[in-house]
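Next, two complexes with chain A in common: one pairs it with chain B, the other with chain C.
Right, the complex of A and B next:
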């Protein structure tokens, strides 16, 4: 391995570029998540009915508000690449950090797979409507992932600038659809009175819907992955994350309102591209084209952000020797974690090829959920080990420990929601993390330099 | 950095390749295989409706009109409409799942704590 491209061995380590501002942070967070309004959220309608999905949207919105509050405090203080991974390293220890890194990688890689799957499905479906039946979506899956991986390989600034533009275009398409169906004129296009039903499964269905309610917002915490590449983390990260959550709450509410006013809940609960389908039933070609572009852009922006985030988490783990050191390399010219980017491509492509959108999404959701379960414990430990005033914090979130308690309770409820209908998958995912943890503890940890895991200029943690 | 620093062994190329392959095998064996073998997915049941009509499927005229705009007939929409999640709870399965998740987090916190003390002692020196 050369001395110029291998982290850990290099005294003059090549660092990531600090070029990002709050708009990029917003684009990174919302860009990953906005696709959740175009697909995936609607499986919550399948699990609990349209009203159940709305309740899940709001309750899970509360979960993410807690996530954003907690994450803003910790990340604005631990400003290092890897986001929650770097937090876990400094606050809880290597094994937890290894798991958190893996949650991030799996959540983003599965989300990337789901995005590519949707691009392929959408193109196949549109081709079918134009008389070209049985178009194989798989070449489009490969093309999408390969093109975005190349973009990420070439540089972070270009990648996130592209994301900013296509995310804005996708968000505009939701607004255009919302205005196009004339929400001020109920009964004209929107048929909530006739289409909305009672809770088809009762209140247990509402709880079950929490699983896919996560999809409205999953990945917003990805803003923290770019901490090492942000010019002013203490300002940009809380600002970008909070404005991202507000954008998503608005988009989620509009999405639910339009889709449930146009589509029967049984269809909506199983559709691969619900907003595009909603545009189809309006009979307006212009709206249909807008939503085709919006869905494609949202999926591409999301996959783009996912490659960025997953590779940075994997890179950080390589750099710290939690993974083979080979992955901790920065490209000598483009200064991107290029080996991490390339390694994750086949995994994303394979899961896309299954065509099982709800299940690929569930893997992403579960990895995200495990990461959210870590956050309250992390927050308690952070405040206990470094009480307020003991170190400089970029942002202090209010009402501690209330957000942590609410977050933990909502996470437990969402595990139960996933158990309802997707219990086997929940156990498979746990099995994956248990085996990986045993591998790390009894094999991989011996390669880790102990003292190097703590790089922040903080005082010794209280109680140690 | 204080005290005697732990010197980890250098991992050779073969070891790094082996570890990378192990992780890929883990992803494919534990996550991908159950998916493609159909062992996971929504726990659903489907009710069969003989000679389906929109009325028999519980769809009002507005719902039926929207289905038709989407290109469905009662026959092609029947399976989508009659497939329902089965939320019957098996208490043993629930208990097992809860135990696995709880056990996993206890393991994580316990071993992380042990490793964290090593990190802190090396970074700040042994506490006197």
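Right, the complex of A and C next:
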């Protein structure tokens, strides 16, 4: 427990525990994302063909590299749970912060629900292959969420250590598959020469593929949520985030290379578990088992990281009274935001019980995309209000404002791509956030104690 | 009833136990500690003071 007080009085306080290092940050970021290499990314093949998917993989990879660079710089100075929410609060203002907080909670809770659905569906398919038809996936969905919530409730160190182990195992399964198909011997197992075609739907297909290219990387920005629990935010967050995006770029490229060399694009564009299907095509039972374990571990790691991140965002909003203060409680023994973790369990279970995996994941992606659009504006304001040299930064990203401009342009392009496929959902999501903003402005904001929410020892911004 | 049916019931049971454990613990913590203490955390508080934002 900490007993410091800004007013100088002796008063006992409890705070989240600072026990994490760069490896845990890596496990949090990559753990949330890696499930996207095992499923989901391949719908970009259906939209733009195999080559269109590769273009989407690298262009969206550039988008996320910009996200990682910008996030690393800002969050290395904002040592607070809530990640981008805390950044928005300090740099842009309360309404933006409220919206960003909601984007984060919605994106992670829906992704958690989708991950639990995947675990349930995987077990159902295994039961089907073993002769038991119509296995009810719901108890396994609830068990996944309950067990991971329990782990998160009991402490962040064990939670992210487990995530490190299962994320590393899932990543290794991709590497094993890559080596197993002998990439040094093209034509033996990989048939790129026969399977790769021109762009089947032209360049508009490539643009449409962008929305599914997001699956390769969605969630790497979640590393920021650990800011209040890492031993050295200025060092660990940039290390963990940048090594995470490098890992994902490698994993995404290997995934594309193996899957498009083994499966025709017409099949790949609709497959539910493309990497597992690729392993089946090799005929190797060992690779199949490896990839089944990898897929399951990746889904569990993603749900685990999502519970961690959604609860930190909700907890931070409660602590600042953007939501009821009750949610801003820390467990005195485990030092976790236990009420936020508990509150989000029934919401995640409700989303997953709908069974609508594609709708749930689409709303998650849209919330994430709204968050990415905020980042370039946030970066410009951050550099303008606190120029280099005014506060200590753990990492300074190069070529400013180029990454911010590139990120904004790519976000606009991806909105267009999403509108092509999910225009109704995009508009529904926008309406939800507009209504929520009105509620915050006209009702909730009066409960916010404006001075209390800024307790970090930052220098006064330039011009204020 | 085959093995998978047993797994289904076991999954429901374990989930229920875990959720009840968390609820029980949360109620106990709410009862044993003051609300002021539980909600006393402040953002950006560094227990080790090695990192400062002010340039020296």
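Methods note: the second predicted complex is superposed on the first by the 452 of 464 C-alpha atoms of A that agree within 3 Å, B and C clash if a C-alpha of one lies under 4 Å from a C-alpha of the other, contacts with A are read in each partner's own complex, and residues count from 1 in each chain.
We take it that a contact is a pair of C-beta atoms (placed from the backbone, for glycine too) under 8 Å apart; a residue touches a chain by one contact, two chains touch by 3 or more.
Keep in mind that what you see is a predicted model, and the values were worked out from it rather than measured.
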item: Touched partner set for A:70, first chain B, second chain C, both or neither; value: neither
item: Which superposed partner A:325 touches (first chain B, second chain C, both, neither); value: both
item: Which superposed partner A:392 touches (first chain B, second chain C, both, neither); value: second
item: Partner chain(s) touched by A:104 [first = chain B, second = chain C, both, neither]; value: neither
item: Touching partner for A:258 - first (chain B), second (chain C), both, neither; value: neither
item: Touched partner set for A:307, first chain B, second chain C, both or neither; value: neither
item: First (chain B), second (chain C), both or neither touched by A:338; value: second
item: Which of chain B and chain C A:299 touches, first, second, both or neither; value: neither
item: Touch count on chain A, higher of chain B and chain C; value: B
item: Which superposed partner A:359 touches (first chain B, second chain C, both, neither); value: first
item: On chain A, the residue positions that both chain B and chain C contact, one per complex; value: 325-326, 453
item: Chain A residues within the chain B interface of the complex; value: 46-47, 88, 92-97, 99, 191, 194-195, 200-201, 204-205, 208, 262-264, 266-267, 270, 277, 280-281, 283, 321, 323-327, 343, 346-347, 350-351, 354, 356, 358-360, 362-363, 373, 377, 415, 419-437, 439, 441, 444-451, 453-454, 460-461, 464
item: Residue ranges of chain C in contact with chain A within the complex; value: 2-4, 8-9, 11-12, 14-15, 18-19, 21-23, 25-26, 29, 33, 35, 37-48, 50-55
item: Residues of chain B that touch chain A when the two form their complex; value: 1, 5-6, 8-9, 11, 15-17, 19-20, 22-24, 26-28, 30-32, 34-36, 39-44, 59-63, 66-67, 69-70, 72, 77, 80-81, 83-87, 89, 93-94, 96-97, 100-101, 104-105, 107-109, 111-124, 127
item: Complex interface listing, chain A residues touching chain C; value: 2, 4, 6, 11-16, 18, 77-82, 86, 127, 130, 132, 135-136, 139-140, 142-143, 145-147, 149-150, 153, 228, 231-234, 316, 319-320, 325-326, 328-333, 338-339, 341-342, 345, 389-392, 453, 455-459
